[in-house]
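Each of the next two complexes has chain A plus one more chain, namely chain B in the first and chain C in the second.
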Partner chain A sequence: MTVSTPRTRANGRSPARRGFLRGPAPWLLPSMAVLILLSLYPQLQALLNSVRLYNLSIAPDPLRFVGLRNFAYAFTDEQFVGAIGRTMLFAVVTTAAELVLGFGVAVLLNKKLRGVRLARSLIILPTAIAPAVAGLAFRYFYQTDGIAPALLSAIGVTPPEAGILGDTHTALVGIMVTEVWQWTPFAALIFLAALQGVPHDVLEAAAIDGASRLRTTWSVVLPLMRSVIVTVVLLRFIATVNVFDIVYVQTQGGPGDATTTLGLNIFYTGLTYYNIGYASALTWLVTLFVALLINVYLLTAGRRSGGLS
Partner chain B sequence: MRRRTVLRAAAAGLATAGTATTVSGCGSGNTDPKQISVLTVQDPFFFAVQRLLPEFHRQTGITVRLEGLDYDTLNARSTNAFLTKQNSIDVVSPDSMWLSRWANSGWLLSLDELIARDRDEVAPDDFIPSTIHSLSEWGGHVYTLPAAAYSQVALYRTDVFDRLGLDPPDGSWTWDEYLDRVRAIDGRRVAGQTMHGTVVAGSGPQPVLHMYSQLAASNGARWFRSFPGSRHWDFTPTLDSPENRTALRMFDQLYRNSPASAINYVWFDAGTAFSSGTVGLFYWWTPYIRLVTRTTYMGKGRSPVVGRYGVAPLPMRPGYPQKTSIGGYAFGISRYSAKRESCWRFIKWVTSAATQRKMALLPDSLFADFARASLYDDEQVTHLYPFLDVQLRGLRDGDGKAVRPPSMNYTTIEGYYGRRLNRVLAGQDTPDSALAAVQRQATDTMGIDGFLPWPRASYPDTVERTRHLLRRLSGHPS
Partner chain C sequence: MTARLTRVLWHLLLLVVVLVFVAPIVWFLLLAIRPPQSGTASSHSLLFVPDLSALKYVFVSPGTGRSALWASLIQAGGATLIAMPLVIAASYGLTRFTFRGRSLLSTWYLGLMLAPPVVFVLPLFVVLSRVGLVGGNIGVILAFQTFAVPLGVLLLRGFFADIPVEIEEAAQVDGCGRLRCLVTVVLPMVAPGLVVAGVFVFVFCWNNLIFAMPMTGGDSVPLTVRALSFFATSGISWNYIAATSAVSMAVPMLLFWLFRRHIVSGLTFGAVKG
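And then the complex of A and B:
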């Protein structure tokens, strides 16, 4: 008869537990705990609030469970629906502009030009400024007796009478310009690092094959930078969907609701009107919406590249 | 060190950190009763109080940490502190429109007993009743005492009126006459400058609503069918009434005769536009009687309109009783403060006639926003600050609760109401359709929030009722 004994050591620990303690897991526990506390807990609390009538205007505590009513109301709330369209326009235009301009700047900074080292050091400055400060600076830049209207007049364009930020047709454009000014250097620096990582022999091979510069950029450089581009698009898209500071400082969402973005709409709902339940529902809707867009984008980008690294 | 020891140490560290965070979250305030934290806004009274704080410290030994915030930050920070039951705020000055919410939530202490106890020191019957009614009283209790009380008045350029041959306003002028004068001034050149007829504070939601609600109330518009002055409250919105539509059409006209950039003007932007010398006439909160003497908000530079402007009572709409808006800031004690006696000593001091007088007489002070009637008779003060008689008339005509009724969900309605008004000025909406939309939204809000029908007790919340309350607190038979 064979007697099998469990594979335990004298101290009684199972191999699985030993493996757990010897692996990286214990070292990850503190950061996991912090992550759960700081990230997951607020989101779950927001989810709980989103299904309750919780309005500080009428009571300091949540009143009752209302199911999905807050979510349903969002789709009939023209301010929220309007903010979605405006925010998507803002996010797509600014991300695209930052991408194109950032790549152009990176190409210039990658050349052996005079003063390029100094330019590489200075270009980070706009990104290092707090968005609220950048917003304030541009507010003065745009004001009716500021530099921007004077420049427009100098090139024969009549600036709006109410000011660039005071006109419903130009206010969002003004904020977009501020955003692009501030974050293009971020894209440029990442692209510069990626450009410097493109192998020279590949470029030389393309040159030997007679490819023009444009052709080389399109068919060789950009595909090699694809994962970096996807990352920059993701980071900038998420940041621009959540834009708040520069809009708050420059227009507070006006004139009318011409610049009321999702971030601002949720801020007003939650922290000015104190409708915590509804603001929580809006937050979750935006989170799900952005997650959906990002996944569609990643799937599309992954399919084109045959899988992202 | 063995891995197990490291893990245990890390776990102990995390536990300690967690406990420390929990404990500190329970109340981050200082427990020394000789140090109190006071939160308010940076209106002119703030700067005067700040300069006199060393005197308060000498008298009482209490150190006051006075913080001046912007309007939204004050609301957000206080609400957050109350919700999390922190004692980091001892004394706070809610906007009058937040008082019902804060009082009903139990976030502020009622001052009734303290006032009655120290009635000789507080002199409650020296307060102009409309200021206590509008800023401090809710549900028959006094929760705050006013440190600064504002009404609204019209400011006009005397030299421009003379040059253009316009009659200066008298005490009984109408809103139509106001608009006529605005139109007569707009676009005219006076002393080498092209004038704007008027200026509005167009930014939404609060600034535009502060200005528009005054015009609407003077024209007979009310927010609800019967609140707050009636015996039975009915919160059915009346925001698309004919009176409100007339008022909004007129306000839109006022904007058409303002600088176009006024669409984004907040409170002080409107005042600064007048002080720049390019605006003929406007109406606004009474602190601007003095603020327009400076080129910038609370700045040092003397504005070009000094000695060239007059102040008149607000115009009226024939057939409607005048209702003047009342605003300002009043100090109350946080329910979570552990230093109530120190807080009360500060409130008594800062709202006393003696301190208010000193605040006004400080060199370069711009403060004369008294809630105490006695100071409007003070010879030295009235000599230093012209137009106090007009200011007092505004306060006596005042009924802040009629102009902007403080339902607990006021800020919710203010949010979309103010934004709609801004859309009208921006040309994105017409006055009639904007008011129809606000009416729909307000009806929804009142229904969802449980105000229709009103399920709780009602009472006529009038200035007269507050007058009786003050008499009672003063020890006189009501």
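And then the complex of A and C:
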């Protein structure tokens, strides 16, 4: 290869133009511009609206500056505080269930069994479909004359009279089951990839040292998978805090507000009751909370291999 | 003997696990071709004569779901086509240059992927409705960019990073400009990455409900939102819901099946390699 700068000059392109593409700016600015316009600008607008009395059902324009009153109100708003509690319960239970079940399924899929490759491919299907569609499917199963109550009766459990999603005690559980069904394969596939990455000689060494299979999993495999487990927990926890579609299509937050999670609470406040000012304050509270979660994650695990960012 | 028994039990367990995750999909798909049930007596029987009338009603005549299918294709396809050039340029910029604020930029993109969608929907709805872009395809395609671009960048960036810079430098020494070098040397080498990023961006848009619901209306209502329209006060038309959902499901299931080796990396936004 020879250095042939004269040839490029002969191309007729001005050196200034080539120089333009030499820096990072022209490559990064287009996407940044789009995201600034479509996400940063609306969010800053929301910050502005969060300190205003701005309700589209009262007036088309912001009425007046109210300081931090919208934020202060949030903490005394029973519906918002209630939604936080439900969302946390939903996120903790589903994340824990997906973690444990996902690990179990991964161990199973890591065994040398006939048809295991086909099983691995089939099991991803729930994660492919829209959460809205998964929600609709389970809403159909949960109907009073659906398959789910029939199966429950068959094993001796009396299904609630108002239907699984119609009863305030079971509605959230029903949605949790849908969520866990859809995303356990996700955890399983990631754990499977990590299990396959555990070096064979490490396992052999443990076996030679007389460690039982359970003991090897607990003291050798799990520590090796630490960063992957942290990644799955954080991704699923954040995703379940953000849950919307799957709840909206199954119950719209009902019965009453038994399944109204944060996403639905804010969605209704802004897009049903058109209380833009208050809803904007709520979006910022949630943004700050999720930003905190992301930062905790980046600080604790992100620097290690296999982490995000 | 016991070893053989445990092997049988493991296979049985595998079968049960597969059934748990696949049967609900099949059961719901079957609803689309079940004969309409009389009254409330739902049948759980697997023996029935397939009835295509629900699919026909939704997609042929009167075919209210046909415009929804088009809307889904236009919105997910359009959003992907707009996002990809931005994604390619950003991935190139993030992997080929070192500059101040590079990790901050990556963190911002990650934050956009992880932030609750409702946080974007509401402010974006306020802004887009003011410029008259709510209720058509354009508004929702723009709204999709808020996650399409960061998702694409997080996925494609890894593929770009795997290409040795020396190859490009050699081409540049030979007189290849950066842009031409990208198009003729780098892009062919990251072709699998382009496909993976494109597929995931497309599926995420295709499956979306929360942005599509407030931003679309009339003919621009996509399949996920259309399925909800069959919950009428007069009763729920489950056959029509299932028919609409069946078409909505088919596309991402097919794509995930074809790209199953990349699912793990795609769903973790590139954090875990499959």
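Things to note:
We adopt the following convention: the second predicted complex is superposed on the first by the 250 of 309 C-alpha atoms of A that agree within 3 Å, B and C clash if a C-alpha of one lies under 4 Å from a C-alpha of the other, contacts with A are read in each partner's own complex, and residues count from 1 in each chain.
Note that in this section a residue touches a chain if its C-beta (ideal position, glycine included) is under 8 Å from a C-beta of that chain, and two chains touch if they have at least 3 such contacts.
Treat the numbers as computed from the prediction; the structure is a model and nothing was measured.
Touch criterion not met for A:68: it reaches neither chain B nor chain C. In the superposition on chain A, A:21 makes contact with both chain B and chain C. By the document's definition of touching, both partners, chain B and chain C, reach A:271. Contacts of A:185 after superposition: chain C is touched, whereas chain B is not reached.
Of the two partners, chain B and chain C, it is C that touches more residues of chain A. Of the two partner chains, neither chain B nor chain C is touched by A:202. By the touch criterion defined above, A:30 reaches both chain B and chain C.
Of the two partner chains placed by the overlay, neither chain B nor chain C lies in contact with A:92. Within the superposed three-chain model, A:128 lies in touch with chain C and out of touch with chain B [touch as defined at top].
When the shared chain is aligned, no partner comes close enough to touch A:292: not chain B, not chain C. Common to the chain B and chain C interfaces on chain A are residues 21-22, 26, 30, 143, 271. Residues of chain A touching chain C in their complex: 1, 3-5, 7-8, 11, 13, 18, 21-24, 26-28, 30-32, 34-35, 38-39, 41-43, 45-46, 49, 105, 108-109, 111, 113-116, 119-133, 136-138, 140-141, 143, 145-147, 150, 181, 184-186, 189-190, 193-194, 228, 231, 235, 238, 241-242, 244-245, 248-249, 262-263, 266-267, 270-271, 276, 279-280, 283, 286-287, 290-291, 294, 298, 306-309.
Touching chain B in their complex are the following residues of chain A: 21-22, 26, 29-30, 33, 53, 55-60, 79, 143-144, 160-163, 165-166, 168, 251-258, 260, 268, 271-275.
Those residues of chain C lying in contact with chain A across their complex are 7, 10-11, 13-14, 17-18, 20-22, 24-25, 27-28, 31, 40-42, 44, 85-87, 89-90, 92-94, 96-97, 99, 102-103, 105-112, 114-127, 142-143, 145-146, 149-150, 153, 170, 173-175, 177-179, 203, 206-210, 214, 224, 227-228, 238, 241-242, 245, 248-249, 252-253, 255-257, 260, 263-264, 267-269, 271-274. Only residues 3-4, 7, 10, 14, 72, 75-76, 79, 82-83, 101, 104-107, 202-205, 259-261, 263-264, 408-412, 415-416, 419, 422-423, 425-429, 448-450 of chain B touch chain A when the two sit together in their complex.
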